[in-house]
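Just below sit the structures, each encoded as structure tokens.
Each of the next two complexes has subunit A plus one more chain, namely subunit B in the first and subunit C in the second.
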Partner chain A sequence: MQTLWSAWMQYLPLLLRGTAMTVELTAAALVVGVLFGFLLALGRLSRVPALDTLATGYVEVVRAIPVLIILFITYYGFAELGLVLSGITAAVVSLGGFYATQYGEIFRGAILGIDRGQTEAATALGLTSAQTMRRVVLPQAFFTILPPATNQLSNLIKDTSLVFTISVADLMYQANSALSVNFLPMDMLLEAGVIYFIFYLIIAKVLGRWEVSVQRRRN
Partner chain B sequence: MHIALEYAGTIGVGGLKDVALTVVSLILSIILGTLFALGRLYGPWPVRTLIYWYVEIIRGLPAILQLFIIYFGFTQWGINFSPLTAALIWLVAYGTGYAVEIFRSGIMEIPTGQREAAAALGLSSRTTMIRVVVPQAYAIMLPPLTSFVVLQLKNTTLLYLIGFADIMYEARLGVDATNHAAILYFMAALAYLILSLIIGRVGVRLERNVAAYR
Partner chain C sequence: MSNDVVIRADRLSKRFGTLTVFEDVSIEVKKREVVAIIGPSGAGKSTFIRCINYLHTFNQGTLEILGHTIVGGHNHPSKDVLQDIRTRVGMVFQTFNLFPHLNVIENITLAPVEVKKVPRAQANARAMELLEMVGLPHKAEMYPKRLSGGEQQRVAICRALAMEPEVMLFDEPTSMLDPELVGEVLAAIRRLAKEGMTMVLVTHEMQFAKEVADTVVIMADHGVVEKGPAREVLESPRTERAQSFLHRVLNPEEVPDPLEQEVLPIGGRR
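Moving on to the complex of A and B:
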């Protein structure tokens, strides 16, 4: 028991350094994914057929490819074609590019899901179309978006663990480098697992429950 | 171009291994997932709590970490799995965690009227479960089940990291030998794209077949 805790304490700073990288990657990929996803949603809802086809094609293809392969194509494949990206850039581009398809579909569904009667009622009350969008459609769409968006965020954190395969020093990478030194694979992986699990609990339970309570208060 | 032709065969064989592993693990995880879902819904509280946390842990930990715990972690306790065994254990453990939730929501969506009608007809609760509730739950489950199959298939990409000779492993061997990363990883992506398309088609067809049960 004594040795177990000393090993966990000894490698905690290393793992926490990896955790910082994991959090940074998640934040950057989230920003890329949400912004690009919003553009994809607008593209799919656009009346211009070319934009619609382009956005739909991107979503359908990228969604079907495993994240690890997307990562390898952006890191190794692009480099062969002359576009050399750093590990971190490749990680943000591929995670952001993949999660944009998930967020795009969430946004599209939420915008389509707002009842047409809502906008008609707003018009009848004399609101301008800008006011309708800002005061009626977006607030309602926002709370439809939150639960699935939170769900995707916890998937995103988990998927950042794949970047250790291209030597980005995230939590998974640090756990692997620790276990290759101290030969305690179970301890190091479990310790990393505890850290990942804390993030999961915070996102899924705390944020999820807050969303439910906000939703309930609004109704 | 000849590189694509040279490696199409080995990547194809890797693809067959991925498919075989996905199918076997899927069957096992659907059986276990069904049992766990019933335990989660109707079992005594220790069973319910245990299954609840099992599902949370499977959903909360990165896939790659789970795989590494099984393959590398257990070596610390003197337990060594072959890559194939570790891959199968992980895919079943992971799949079960997801199948439980899919199946549980499937069962919960069956109207209580169905169960009351079965009771009124004099069916035992066991027969009601097996003949009335579960078949209808499977019909409701089909759409989420299709995306679950795709998820499991995509998960097989991680297996190359423990040395299982699948699509990714063959593509990587090819890249190491020829340095043509773009074309080979593109082929791997294409293989997964085709397989997901097939799964999607099968799913749509099955949904049409079971529409009568809904």
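Moving on to the complex of A and C:
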């Protein structure tokens, strides 16, 4: 018992250093995924056929490919073509690019779910389509978006662990390097798992509070 | 267009593919005039009134409104033209369409603040005046969900009026309301008519149309079957189609039961 805890404590600083990288990757990929995803949703809802086709094609293809393949293509494949990206950049681009398809579909569904009378009323009042989106459609889509978006965020957090395969020093990478030195795979992997779980728990709690507070304000 | 005419629709036609919604509809609305459009369901009344502020496009004909001319077909009017029309024409919908995430006063001030850049304090003060006018100042902080249908529709009228429109369009404003709530909404519209607001009103309230409208247009079978001074059209319609429509509306108990008239085939109705 004593030895177990001492191993957990001994490697905690290393794993926490990896955790910092995991948090940063998650945040960066989330920003890319949400922004790009919103553009994809607008593209798919666009009345311009070329934009719709382009966005639909991207979503259908990218979401069907394993994240690991996308990551390797971005890191190794692009390098072969002369576009050399750092591990971190490749990680953010590939995770963000993949999760954009997930967030794009969540946004699209939520926007389509808003009653047409709402946009008609806003249009009749003279609001531009951008103002209608910002002030009328998106605030109402919020409740439809938040639960599945939280869900996808938990997937994103877990998928960041794939970056250890291209030697980005995240939590998984540090756990793996620790266990190859101390030969305690069960302890190191469990410890990393607990940290992933705590990270997710904090985010889920914060988002849940946010949802409740907005809901309360409206009732 | 003489200065007096605010809206002139000249032979407007609207089709969805091969389905004709309405054809060759022409109306003229003068300043301070109240025009009521009545007629059976499916006649294209709602679609037509939505063409006036271009919520719907139309395929043929010419619409002159507030100094702009829109020709039906492929050329959409520019964004500036549409914006100008929509900020000067208010619209009230059958289903109210209040914004559920905004409270009453935010619903009313959204467009003035966003579109016309009216200072917030001034917009709020104007919204309160409008709420006083429809008897709802105490509901200013409430969310639409908490209001009755009649209250929601009165707020929707305030929301449209907050843009200080020159014309108001009403698309069946009372047909979603419980009967006991119809009166309060009609009262608000009646007051606007008295104040000289130019209005186009699609309605099923015949008595109200006779009372407030200057002109009545009867639409049926995808076109205008009769139009003229309200009392004349409603009391002594000339065309047979208008006569049969009004007779049915005014004497619903006389409409025969189709089951008693038709010989039914074995196995049920029709």
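Methods note: the second predicted complex is superposed on the first by the 186 of 219 C-alpha atoms of A that agree within 3 Å, B and C clash if a C-alpha of one lies under 4 Å from a C-alpha of the other, contacts with A are read in each partner's own complex, and residues count from 1 in each chain.
Here is the rule we go by: a contact is a pair of C-beta atoms (placed from the backbone, for glycine too) under 8 Å apart; a residue touches a chain by one contact, two chains touch by 3 or more.
No experiment lies behind these values; they were computed from the predicted model shown.
Visitor: Check whether A:Thr128 is in contact with subunit B, with subunit C, with both or with neither, and answer first, second, both or neither.
Guide: second
Visitor: Give one of first, second, both or neither to describe whether A:Asn182 is in contact with subunit B, with subunit C, with both, or with none.
Guide: neither
Visitor: Of the two partner chains, subunit B (first) and subunit C (second), which one does A:Ser213 touch, if any: first, second, both, or neither?
Guide: neither
Visitor: Scan A:Ser161 for contacts with subunit B and subunit C and give back first, second, both or neither.
Guide: The answer is first: A:Ser161 touches subunit B but not subunit C.
Visitor: Go through the superposed model and pick first if A:Leu190 touches only subunit B, second if only subunit C, both, or neither.
Guide: Touch partner of A:Leu190: subunit B, not subunit C.
Visitor: Go through the superposed model and pick first if A:Met172 touches only subunit B, second if only subunit C, both, or neither.
Guide: first
Visitor: Check the residue A:Pro66 against both partner chains and state whether it touches subunit B (first), subunit C (second), both, or neither.
Guide: First partner only, subunit B.
Visitor: Just checking: does A:Leu81 make contact with subunit B only, subunit C only, both, or neither of them? Give me first, second, both or neither.
Guide: Only subunit B is touched by A:Leu81; subunit C is not.
Visitor: In the three-chain superposition, say which chain, subunit B or subunit C, touches more residues of subunit A.
Guide: Partner touching more subunit A residues in the overlay: B.
Visitor: Overlap of the subunit B and subunit C footprints on subunit A, residue-wise?
Guide: None.
Visitor: Please give the residue numbers of subunit A that touch subunit B in the complex, ascending.
Guide: 61, 64-70, 72-73, 76-81, 154, 157-159, 161-162, 164-165, 172, 175-176, 179, 183-187, 189-190, 192-193, 196-197, 200-201, 204
Visitor: Spell out the part of subunit B that touches subunit A in their complex, as residue ranges.
Guide: Residues 56-57, 59-65, 68-69, 72-77, 150, 154-155, 157-158, 161, 168, 175, 179-182, 185-186, 188-189, 192-193, 196-197 of subunit B touch subunit A in their complex.
Visitor: Going by the contact rule at the top, pick out the subunit A residues touching subunit C in the complex.
Guide: Going by the criterion above, the answer is residues 115, 117-118, 120-128, 131, 135-136, 139-140, 218-219.
Visitor: State the interface residues of subunit C toward subunit A in the complex, per the touch definition above.
Guide: 53, 55, 79, 83, 86-87, 89-91, 93, 95, 97-101, 110-111, 114-115, 143, 145, 156, 159-160, 163
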